[in-house]
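Beneath this line is the structure, given in C-alpha cells, with notes to follow.
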C-alpha cells in the first residue's frame, strides 16, 4: 500500500502498450500531475502532444488479461489558475441547418479559477452572460488502460479500454473499473476539466492541468466488457460508441449483465428493475465515440 | 378561469384535427380521466383504441397558429390499483448480439398500486427481484396538440406537436409549452405511467389509467418550434426524433434559441452557458421517435 | 380493365383517409397529372399545397386491410419545360464542420427540359459546370396509400405506407407493392422528378409537373410490411426511417421475409443469398425519414 | 519500377507504425500473398492472428505526411479452393425484434472455389438454396496505411487510414488513394473476399487467402482526408464511420472537395452535379465503422 509521488517527463496522445513509467502494486496510491488537453502544464508551458496527453502508463503488478482494475480517484483538483473553453456549440450537436447561423470564427474562452474558493469565472471574450461564476466540479475527461490486440487508440476517442469519455461523473470519490487487456494493465490518466456540462457540447470542459491522486485495486479473474464505475449513490456502466443509440446499447447491456452476475437477479428481475429505475447520463456527444452512462441507484439494488 | 369536469366518451389513438370535445378559455382548468396505454379505464374495461388512447381534443378559445399553449399539470394520479409493464428489455436498447440471449416469449408484469401510500409493488411473474416496491412518480407519457399540415400522427410516436414522448419529467407541477399549429390548439392527454425509468427501455412505464387535472394559458404571438417545459428548478427543451443524436440536436437548438430570445443572451453567452452547464435526460429510446430533454437550471439563468 | 382519364381539382399535402376522387377496379388504368413539389402545374400555376401535393386518393374496389396493392407505372414523363433544383448540398449530408464553409443564401437552380429529346439542361444560376445536360430519368418521389390507425402523414416524409421516398428506382416500368391499410387502399401519386441522384442530397430532384399513367392490381390476403417493388432485373424491398441504419434494417428484414415466403428458401438459404448477393441503393438522406432499397437480382433467385 | 516478389513471414491484426518488411520505390510493383480473415494461408494452415491479418507493412521511399499514396490492384485472386462465410445475417442489419426469430447457433458456410472457371459453389450446410454457384468477384476487404498520431488500429475496423472497409468495389483494376500519415506510408494488405454482397451483411464475404499484385505511385504534397479510389468508369470517395449517416457525410464531403480542387468546379457546380448525379454504395454495415462509397461517373466530369 505504498504511495508513489510521480513526476511525469513524457506524455502520450494515444493509449497503447508503451513502456511503463512506474510499476505499482495492488493497493498502491499514486500522486501525480496531468497536462491540460492542449499539452500545457501547471506553469502554462507546452510540454506534451495533443490531444489530451496522458500521464503514464502505470504498470500494475499481477494484472493479467481477464482481470478487472479498479481505480479510485482520491483527489482531482486543478493546479493552475487559468482554464480554457470553446465558445461555440459543436456543429454536430445542433440541427444541421442551424449551423448556417453560426459564426465562422470564434475566440477561445478564458476562465479564472479560484483554487481555494473553488470557483471558475468567465473572463473573456466579452459576453452579456457576465458576470458568470461556477463552482468547480473537477473531473478527468480521458483516462484508461492499454487496449487489446496491439491497438494504440488516439486520446481523441474512447472504447472498451476507456479513453476520452468526457463524462462529468468521473469525479473525486468515484471508483472506475476497467477490463485488463494486457499484462500490467498499463493505466493512463489525463485531460482534467474544472467544470463540464453533459455532453461536452462545446467540445471542451474548462480545460486545465490537474493534480491527481488515485489508488488501484486488482480484481483477479473478473471479466467485464466495458468500463464500470461506482460512487456513493450509484453503480454505473459506460458505453462508448457512435451514435448515442449504440453507446446506450453497450452501457445497458453491460448493466444488465452486471445485475445478473453480481446482484444475483434473474433476467425478469434485472430487466424489470432497469425498465422502471434506470437512469442515463450523456457523457459526451462530441468525440469520435460518444459516451453514455447507465446508472442504477444503490438504494434499490438487492443487498449482496 | 372556469373549472370543467369532463367525462370522456370516446378516445383517439392518433393526434390530429378532430372535432373538439370541449371548448375552454385561457386560464381554465379541466378535471378529467385518461385510459391506460392499452385502452382500459379505471374499472379495467377496454373502452378505447390502442396505443395510448387520448382524452380530448380540448379547444382553447383564441388559440391560433403562431401562439404558444401552456399546460400546467395540477394533478396526475393513477385511478386504479393495477398497473402493467413489459418484463423484457426492448431489443433495440441492447447490443444486437445480446438479443440472441433473450427469451422469445415473455409474460406481462403486474404491479399493485397503493394509491394512498403512494407505492407500486411488483406482484408477478415470479422473480428473485421480489419483494420490489417503488414510490409512485406519476407522469403522462403521451399528450400534445394537433399537428400542422393536416397531419394526424399515431400515439405510438412523437414530434414537434408532442405526442408519445414518454419522458419521466412530465410530472404533476410541471408546465409544458406547445407550439399552436391549428385554430383552438386542440389539446389531447393520455398514457399515464405510475412510474417510469429513463428511456422507457422495456417499452412501458407502469401503465395505468389516471385522474388528470390541468390548467391552460395562452401566450399569443409567441412562436416556439418544439415542446418546452418548466418545473421548479429547470427550464427544459424537448426534441423528438430518431436517432437519439437527432433528438438531442433538436432539443439543444431549441434551448440555444430560447436562451437568446427570452433570457437576452448573446450567442457566445448562450453557447458558453450550455457548454459548461447543460443537463440532458433521455425521455424514451423505445418509440418510433426518441425523446431527449435539454435542461438548464434556473439558478444559473440570467434574471429577466 | 378500364382506362380512366382523371383531371385533378384538388391536392393533398398529407397522405390519409380522405374522400376518394375516383373509384377504380382491379386491373384498371388511370391517366392523370401531378403537380411539382411546390404545388405548380403544367402551366406553372400555383394550384396545390406544399410540399409534394398529391393527386388522388384513388379507391380500389375490393381492397381491404391485409391485401397488397400493386401499382405499375406505365408512363412517367414531365409535362412542362422548366424544372427546379436546390443548388446547395443539404447540411445533413456533409460533415457538420463543413457546413461552416457553406454560403448562407443560395439561388434556386433552373433547368430547361427538352421533352422530345429527353434531356435537362442547367440554365441558371451561372456556374462553371455549364454547359451541363443530363438525360431525363423521370421518377415519382412521393406516392403511397392511406396509412393505418387513422393517421394522415405529411408528404414531407415516408413510412410503411410509402410517401416521400424519393428513390430514383421508381421509374416507368417499375411495379410497386403497398400494404393495404384501409378499405379501398386510397392511392395517391405526386412529386415527379425529371432526374435525381442517389440520396436526393440537395433536397430536390429536378422538380417538375408530370403526366402519369398507372395500372393497379390487387393481391388479396397477402400481407407485406413495407413497400416492395420489382423491375425487369430486380426485386426490391423498401425501408423508410431515420437513421439510414434503421431504413436498411427495415428493408433487409422485409427482403429476408420475402425470400422465405415467396421463393421458398429456408433461413440459411435466404441469409446466405443475401450475404453474398444483396445490393443496396440509398433512396434519400434528406427527408425526415430516409429511404433504403434492398435489392436482389432476379437472375439469382430460385425459380418459382 | 522494380517488381518485388515478397513472401510474408509474420502478419499484423492491427494497422500501425510497425517495422517495414520491404522498402519499395515509387512505381514499384509487389507480388505477394495474403491470409484469409481467420489467419489461414493457401494451405489452410493457421499462421496469422485474427481478425484480418495483414501482409506488410511496405515502406514507400520518399512518402511523407501530406502526400497521397496510390495503390493499383494489378491482380487479386484466391489461391486456394475453399472459402468460408457466415450463414446468418448480422443482428445489427435487421429489425431488432426480428433477431428474436434467429437461430441461436449457426454453422459456418463452406464454398468450393473453381479458380480456373472463376466460380464459387456453396457446399454446406445443407440448404434448399442449393445448387448455388456465383461468379468470383475477388476484392480486398482490409488494407490501408499506418494512421496518424501513433495509433495502431485493429483490423476489425476502419478510418481515414483505410482498414477493414469491406467494400466490394475494391477489385482488380481499381486504384485506391490513401493519405500518407507517417514517413514511408507503411502499406498493409489483407482479407481477400472471393465474393461479397453490399454491406457484408452476414459479417463475411467468401473468406479466402489471396494472391495479390499491386503497384504504388506517390503523389507528393497532395493532401486528401479520406481514402479515394478510381476505376474505369467512376471516381469514388470513401467514408468510414458509424452510423451509416456519418460514413455518408464523410464520403460526400470528401467528394465535394475533390470536385472543386481537382475538377475546377465552383461550389454551385459541384453541389449541383452531386445533387442530380451522385451514386452511393454501401461498403459494409457490419464492422465497428461502416463504409459508404460516394461515386461520380467519369462520363459527366469536366475534362481536366
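Order as written gives the chain letters A, B, C and D; numbering starts at 1 within each chain.
The criterion applied here is as follows: a residue touches a chain if its C-beta (ideal position, glycine included) is under 8 Å from a C-beta of that chain, and two chains touch if they have at least 3 such contacts.
Small disclaimer: the values here were computed from a predicted structure and weren't measured.
Taking all residue numbers at the subunit A/subunit C interface, are over half used by both copies (same) or under half (different)?
Comparing the two copies, subunit A and subunit C contact each other through largely the same residue numbers, since over half are shared.
Please state whether B-C or C-D has more C-beta contact pairs across its interface.
Of B-C and C-D, it is C-D that has more C-beta pairs in contact.
How much rotation, in degrees rounded to the nearest 5, is required to superimpose subunit A onto subunit D on the basis of Cα coordinates?
Rotation angle between the two copies comes out at 180 degrees.
Among all other chains, pick the one whose mean CA position is farthest from the mean CA position of subunit A.
Following the centroid criterion, the farthest chain would be C.
Rounded to a whole Å, what is the gap between the Cα centroids of subunit C and subunit D?
It comes to 33 Å between the two C-alpha centres.
Indicate the whole-number Å distance between the mean C-alpha point of subunit A and the mean C-alpha point of subunit C.
Here the centre of subunit C sits 47 Å away from the centre of subunit A.
Which residue numbers or ranges of subunit C touch two or more of the other chains?
If we look for residues of subunit C contacting two or more partner chains, we find 92, 96, 243, 245.
Per the contact definition, I'd like the list of subunit C residues that touch subunit A in the complex.
Touching subunit A from subunit C are residues 90-92, 96-97, 99-102, 104, 243.
List the residues on subunit C that touch subunit D in their complex, please.
Those residues of subunit C that touch subunit D are 85-89, 92-96, 98, 103, 106, 109, 122, 125, 127-130, 132, 134, 195-202, 204-206, 243-245, 248-250, 252-253, 256, 264-282, 285, 290, 300, 302.
For a test of understanding, state which residues of subunit C touch subunit B in their complex under the given definition.
Counting only subunit C, the residues touching subunit B are 12-14, 16, 149-154, 241-243, 245-246, 288.
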